[in-house]
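Two complexes, one shared chain (chain A), two partners (chain B, chain C).
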Partner chain A sequence: MHDANKPRDTRAPVVGENVTRLDGAAKVTGVARYVDDLPAMPGELHGATVRSPLPRGVLRAVMLDPSFDWSDVTVVTAKDVPDNVVQLIVDDQPVLAAERVNHRYEPVALVACADKAKLARAVAAVTLDIEPLPAVFDAEESLLGRTVIWGESNVQNRYLITKGAADADDGEAAFEAALRACDVVVRGEYSTHHQEQLYIETNGMVAWWDDDGVHATGSLQCPYYVHKAFKRCFHLEPEQIHITQAVTGGGFGGKEEYPSLIAMHAALLAKKSGRPVRMIYDRVEDFEATTKRHPSRCIVETGCDADGTLRALKMRVLMDAGAYVTLSPVVLSRGVLHAGGCYRWRDVRIEGVSVATNTPPNGAFRGFGAPQTTWAIERHLDAVARRLGIDAGELKRKNLLAEGDSTATSQVLHGSIGGAECVEKAFAASDYVAKRRRGPIVEGRKARGIGCSVFMHGGGFTGSGERMLKGKVAVDLLLGGRLEVRSASTDIGQGTETIFAQIAADAAGVSISAVSVAVPSTTRVPDSGPTVASRTVMVVGSIVERAAREIAERVEAVRRAGESFAAAGDRLLAQEGPQTALVQYEPPAWVNWDDKRYKGDAYPVYAWMVDVAEVEVDLDTFETRVLEFWSAADVGKAIHPLMCKGQLEGGSLQAIGWALSEEVVWKDGAIVNPRMTNYIIPTALDAPPFHTILVEAPYAHGPGGGAKGIGELPMDGGASAVAAAVEHAIGVAIDHLPLTPERLFAAWARSNSEAAQ
Partner chain B sequence: MKVALKVNGVQRHVDMAPLARLLDALRGPLGLTGTKEGCGEGECGSCAVFLDGVPVNACLVPIGQCDGCEVVTVEGLAAAGHLAPLQACMAEHGGAQCGICTPGMLIAAEALLRRNPDPTPVEVRTAIAGNLCRCTGYERIVQSVLHAAHELRSTEKGAAE
Partner chain C sequence: MSLVDLPRYEFARPATLDETCAMLAEREAKREKTVLLAGGTDFMVQVSQGKLASDPLPLVVDIGRLDELRGVRLDGSRLRIGAAVTYLELQRDPIVREYAPLVAQMTHDIGGPTIQARGTLGGNLATASPAGDGIAAIAAYDPIIEVQSVRGRRRIPMAELQTGYKATTRAGDELIVAIELPLPAHGAAWCWRKVGTRLAQAISKVALGAVAEVSGGKVGRIGLAIASVGPTTSLLPRTRALVTATPLANLTAATVDAVVAEDVSPIDDVRSTREYRVHTAKAVVRGFLRELGAPV
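Let's turn to the complex of A and B:
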């Protein structure tokens, strides 16, 4: 089956083909090794975490029960941490709480023991003496700053985006004047709630020390995040740190920054005990302690002409960061950058604020701020359409950004703009226009309606991010005409390994079976940047392509007439020694971003998507079922159409779950429902049939003929499409997530009593 | 407690507390880590295995009840080094992404196809409703199972003719 020996021009391209995923066989036979499947190392201990039972307080003491046998138990507290800071953006989060606790479940002490049953008793034998302090749980309350829990005012970050009138010296007044001068001004408030990533594999890590330094292997998205955290925490040289990804059972952002913490915890225990330590969270601990999607509250006011031409947008975006900063500045940034939606605005004033609360830090979750602001702008345009008496789909289509238009950050769009085509295709496939016009269908106690959302999502890091990041990839020429791709981009289910192999195979002109992709380990792979921000295919894939092409060119330069690629490659290796192409990413030269004024090319390109949801609301129970879900997405170029659709559908269902059933219930900073039994994600019966249409408006700088990033895109719009459909079905506009039966019933009852008055 | 059980066709023995979970026996002394733990309370289905031909969540079964039983795990689905059609279809048609739910999903789907070789999409969805997947949106899993059902029927038809 090995056709690497064939002359390289006879093979068919694999980009655009649905090749069997390279990790498929291992995953369907059960041999793929996730972190908890790795065999126990000699002398291995199990590790566990002692967490704060209070949301805020002064930590006075960590006390060990003197009647407990601690002889075979290792205990680690803050005083054992060489540099007690989680390295990320702001140095505000300790690896283990030292003097203060700032949220419930905050890690305070660590214990390790060979006997798992005894380990649980050891956790219970640690008592924390904490003097309670007043806590703040609500972002609006935190913004008022009456109780200061973070910094001087609780405010972690602020951004301001201005355009048109708002750019003037007296911007705020000039913008207000422009807004008030509009024919129709509509104001609304929209909020979103926490969401748990709920990857089916919990966070887990194994760590050990040896002569080479420290090793951590586990479930993670970003090996170099962990590497940087270790460098800081343990004051080690980079080459002493070996971070390796095990097969990872889903991430969705939940394994972006969090794994640094659990890896450091395992390594601290391993260091002190001198033994390998395995830490695997159970579901409840994972749910309680790890990051969630930031709750948000957006106040939106817009002005438009009587014919629905949008003119002015004012928005205040408030995000709840939780107790520490973690990635909140970047989440808020992506949130405000997507707050204008995919529409033309003449005047814009978008203000973003993130504040601290005494809840576990919120962090990365697919969409990264954009689902929150997309919810706000899409629901708001539904409200504008209602006011104007026109269909929301028509209003959105009419104002859609097109070639040469400028976004809220004054970025002028050129090329790869598939929005209009997505609208046409999604509307046609779902019969949206006719179904909207026909109105809701009520049969017995069931009401059916249809709704849409239109949105776009920027690929890659924001603004100058990719320029600063300098992601790298290496491709090696191996014997027998084989190539190995070495990158830090992890496959967490989305198919990175397969897609990189496809891209490299076509770029080098070899068979896909001649390409292997290295396990991401900081010892072996260069820093390609993190596996986040819809950047893996579009950004990292583009340098995989360049590196593979470079290797092929070297082989081609020595290849004799009639000689196979493999033979030429082997000769090159024999004569010249190892052949590695190390390529660094360079964003397109025209990308111009002003970080101070928040203006310019926020992202080099956007992927576009239109969702149409058809729902049925039970008028007795107020349960909402999504009956069918149509999407059209402009992905630039689908490297692997089947996996591309799988990403879009999986993301859409996460959005539907966020809209309808997923709700983290809080009481005094604690989570009431940290289980799969009471935090309800959709099952196969809750999920609608997905009808997914791929639109390809190629991006000139994307790999494989124009691929754009789509990993996060589907998370952005599903909730607002569902809410629009519910509104169509029962005539009640819901502006606050989630649309659980209780909330829907309350809103319906309220609207009926208002109508009666 | 000493427990004798047949696992994937092989007679095995474990010595564990009677209330220890079948899941821990499989993943621990029996060395079969293909069966996954997602929640530990019978909600996610990642640990589904056949126990005397019936799909069960191995996290809810005490090993003390397994004496003399026959267990089939995901490792037992592939026959003689070849993927079973269901496994191949799951890999080829997008049914597996991160793969952590896949072993349990395969057991649930296999149970369905044994009793219903020609299921409708809704029957597939019902059969796998006890298995949570966070990656796929289920669409490709349903398609994978339908493809496998079709393939199995054509093979059987071919064999019969």
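Let's turn to the complex of A and C:
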């Protein structure tokens, strides 16, 4: 029985329960309004983009066909842009190309018209006079710097991580000596390819101007990114900019930085025409113009003892940034920070380089650099195990980071380390050890094999990022004992709204039905930081929890014996006026990161995961089917176990698609397959049964009793588990993604002809 | 592209086949463009990809409800399938499942349920894409394609239908009415093997339709057809000749591979490579011959 004096505790806790999604009913019944469902505003125009047909060149002129009737068409070019820079990290990307074009599909001009059919003709009536310049499409070629397309050398960013011998003044030589002294030295090269986020809803935005300033509403992850971009582009005061999220149909990073551009485009047309402007990309345009996952090429060399104890790791990580910097420095950073995997190394020398190519800028995508380096280190350890003649799973288990161990950045791990438990549980559930020992099973023309990957993903912004970001959340007390959570963290399908309500309800001791979550609009919500980096639950959720608790404490302070929370709250509001708890995030005090030396606590905590994939390869057609997929993931604490598993399984399927079938096909900087017909993501039939085990090693600073960020985690390791399983099945090791039947066949034919010699 | 973004097509739905033929003849004489719409699954893709001439817009003529193009009928050893019968109807038709199981099986690999509910064999034949799964499946039966115009009815053997990439001997005033399958002996061996880009919503990289009558270790009648390994559906004449001329026990992988390689002429495209398609064509043909008892 509950104490009658504590009515606010009579509610059963909802954290850890699979409550009904707050956004579920509206979405399944079609009531939810995505941006293109928003009713047309009076006088609204449709906007479209004129894009560069060439990958690189000097833009001489934008010409309008004089025979075309332009009377009801608005045209915007670079000279209409007040400050022609996309505000992000480096000021190298124009809102509209002015003198140069640096990639195919680069926006050069904008047109708007009320009549959609005429709009399409207007786009065709704009001609771009571009003098072609030599273009570079390959990162290795760009690194050579023979044709300089960006800055002085094409190199955008470099990072160096050192540890042990590599820390010395003559680090490189000392490291080499340490590496060469190892019993077994293995070298390998591993590469990954572009990947399209392929959210269901394409990018879209509606913008208009009025006495309050400029408004943009649309599909987005980070309202304050758009806000900052507008402030720069239009030279406005912060309060003149009103950025609001519409119901958003998926993002996966693809709506992190790109919405700033389309929103500015719509606002530029709206400004010039004096009308609201709606810009909605169709699938082909969205596919061609928006960001993709950075391709990568890693050269790895490791040294270990004869018994498999890992000692030295050398890695060069090369990432293809595309034509502009956008978020590449951060992607590369997360990439190198995850390059050591979840293993103990004595000596480390990891170098990261990102270079420009004349392709559309690559950008944020679930995992954010970590899937690339995880692919490299996991495939490499598979190669080391092969050399040593031991099982890769055993090698990984043996060298797994544990309490008190230090990572590649010399971060000493304390607490919430579920790696070993994940290994035990995933191996046991899948019978991994016995199946590996038994070897592949060949029945008829099908071969079955099993493989694993072990990995971790840092939650929140890298290093001192959260400290600089100062994310904030507000919780308001409303009449009737209700709470409203105001944050800039968007629900893009991953369940933010529901999870914040769960966290706030338990923190305040109220029913979840008493909690509402505000629509993220920069006019109404504080800047909680972007909805990225697996930080929404772990970082922003933790301040939602604190803010809700603070409101509850204020109510509690005035509550009389026997009085309900609602009655006390109403009285507090009547006596004291509006009650808002505004809480700013502070990382744990012990987080210590040295940005210059790239050393220290890269992330306050890591989520851990082990994937085991069992695959069947058709020995005639080299089609690979994932038959079963087991995962064990240390999530700290599952706020909503069902959605948590949904994130893990969805991310794993995205990784399987990246591994087996997704491939952006390029020709001279243009995309050959910009549609769902021939960019092949898995369907429900291609998805294996997922067996997902949640491990909870709570994080002391996580909300709801220890939640960690897991949104990106499952993207990191799925591909390498599949590749290890394919290798087990047919004895062909593939180190370059994707493992399409064509590539498997070619590798198999090569290995056969080598064997024949 | 959504439906509301479609250009404003003129649309006609003649009540009878004769009326349709008359309309086609008249338009053809005036060199006016016409699109015959059965399920619309190719038409919509062409429109959305801007591959359809739009100046002037063609007249869209719905033939999907013409009685003469509907229904499945068994006449002795001949199975007649109306050109506008959908894949879903084929899938559910007890006669098709009993007498042409290969055709029924193929329908499961067409797009997804929504495409299966709209798409038709007649449409597949008219589009004449070399990647058409429906064509590869029925071509294994060496069917007759019946076309009709005001000039009368014409029976085109499958081998004479396709003349090149998406080109056929069907004249501009003719429409496909039915497909007639000369059925092999009841219980004959058959195989449908689609190698697509994924398990659903996939265009074939290679797809084999095959039927065979085997007795005493020899193949009497054989039908083989492969999609996506040449500009037209490949009917593998040399492979058929080899298999019917050689006792199964005497076939070898090397001889089969050699003739299949002569019978196909695939290209590199966005879906696959020439090398892979040649390899896979050999592999799926040998897979079928193994089922017949050949040591290949």
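We adopt the following convention: the second predicted complex is superposed on the first by the 751 of 757 C-alpha atoms of A that agree within 3 Å, B and C clash if a C-alpha of one lies under 4 Å from a C-alpha of the other, contacts with A are read in each partner's own complex, and residues count from 1 in each chain.
Note that contacts are C-beta pairs under 8 Å (C-beta built on N, C-alpha and C of every residue); 3 or more make two chains touch, one makes a residue touch a chain.
Everything numeric in this text was worked out from a predicted model, so none of it was measured.
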Between chain B and chain C, which one contacts more residues of chain A in the superposed model?
B
Does the superposition put A:282 against chain B (first), chain C (second), both, or neither?
both
Return first, second, both or neither, reflecting whether A:677 touches chain B, chain C, both chains, or no partner chain.
both
Taking the superposition as given, does A:37 touch the first partner, chain B, the second, chain C, both, or neither?
first
Between chain B and chain C, whom does A:25 touch in the aligned arrangement: first, second, both, or neither?
first
Let me test your reading of the model: by the given contact rule, A:752 touches which partner, first (chain B), second (chain C), both or neither?
neither
Where does A:127 make contact in the superposed view: on chain B (first), on chain C (second), on both, or on neither?
neither
Pick one for A:690: touches chain B only (first), chain C only (second), both, or neither.
first
Pick one for A:445: touches chain B only (first), chain C only (second), both, or neither.
second
Kindly classify A:592 by the partners it touches after superposition: chain B alone (first), chain C alone (second), both, or neither?
neither
Shared contact residues on chain A, chain B side and chain C side combined as an intersection?
282, 676-677, 682-685
Within the complex, chain A is touched by chain C residues 1, 5, 7, 45, 112, 195, 197-203, 205-206, 270-273, 275-276, 279-280, 283-284, 286-287
Residue set of chain A touching chain B in the complex reads 18, 20-21, 23-34, 36-37, 197-202, 247-252, 282-283, 492-495, 642-643, 645-646, 649-654, 675-677, 681-685, 687, 689-690, 692
Which bits of chain B are touching chain A when the two form their complex?
27, 32-41, 43-44, 46, 73-75, 77-78, 83, 87-88, 90-94, 96-103, 106, 121, 124-126, 128-142
Chain C partner contacts - residues on chain A that touch it in the complex
116-117, 282, 445, 620-623, 661, 665, 672-673, 676-678, 680, 682-686, 741-742, 745-746, 749
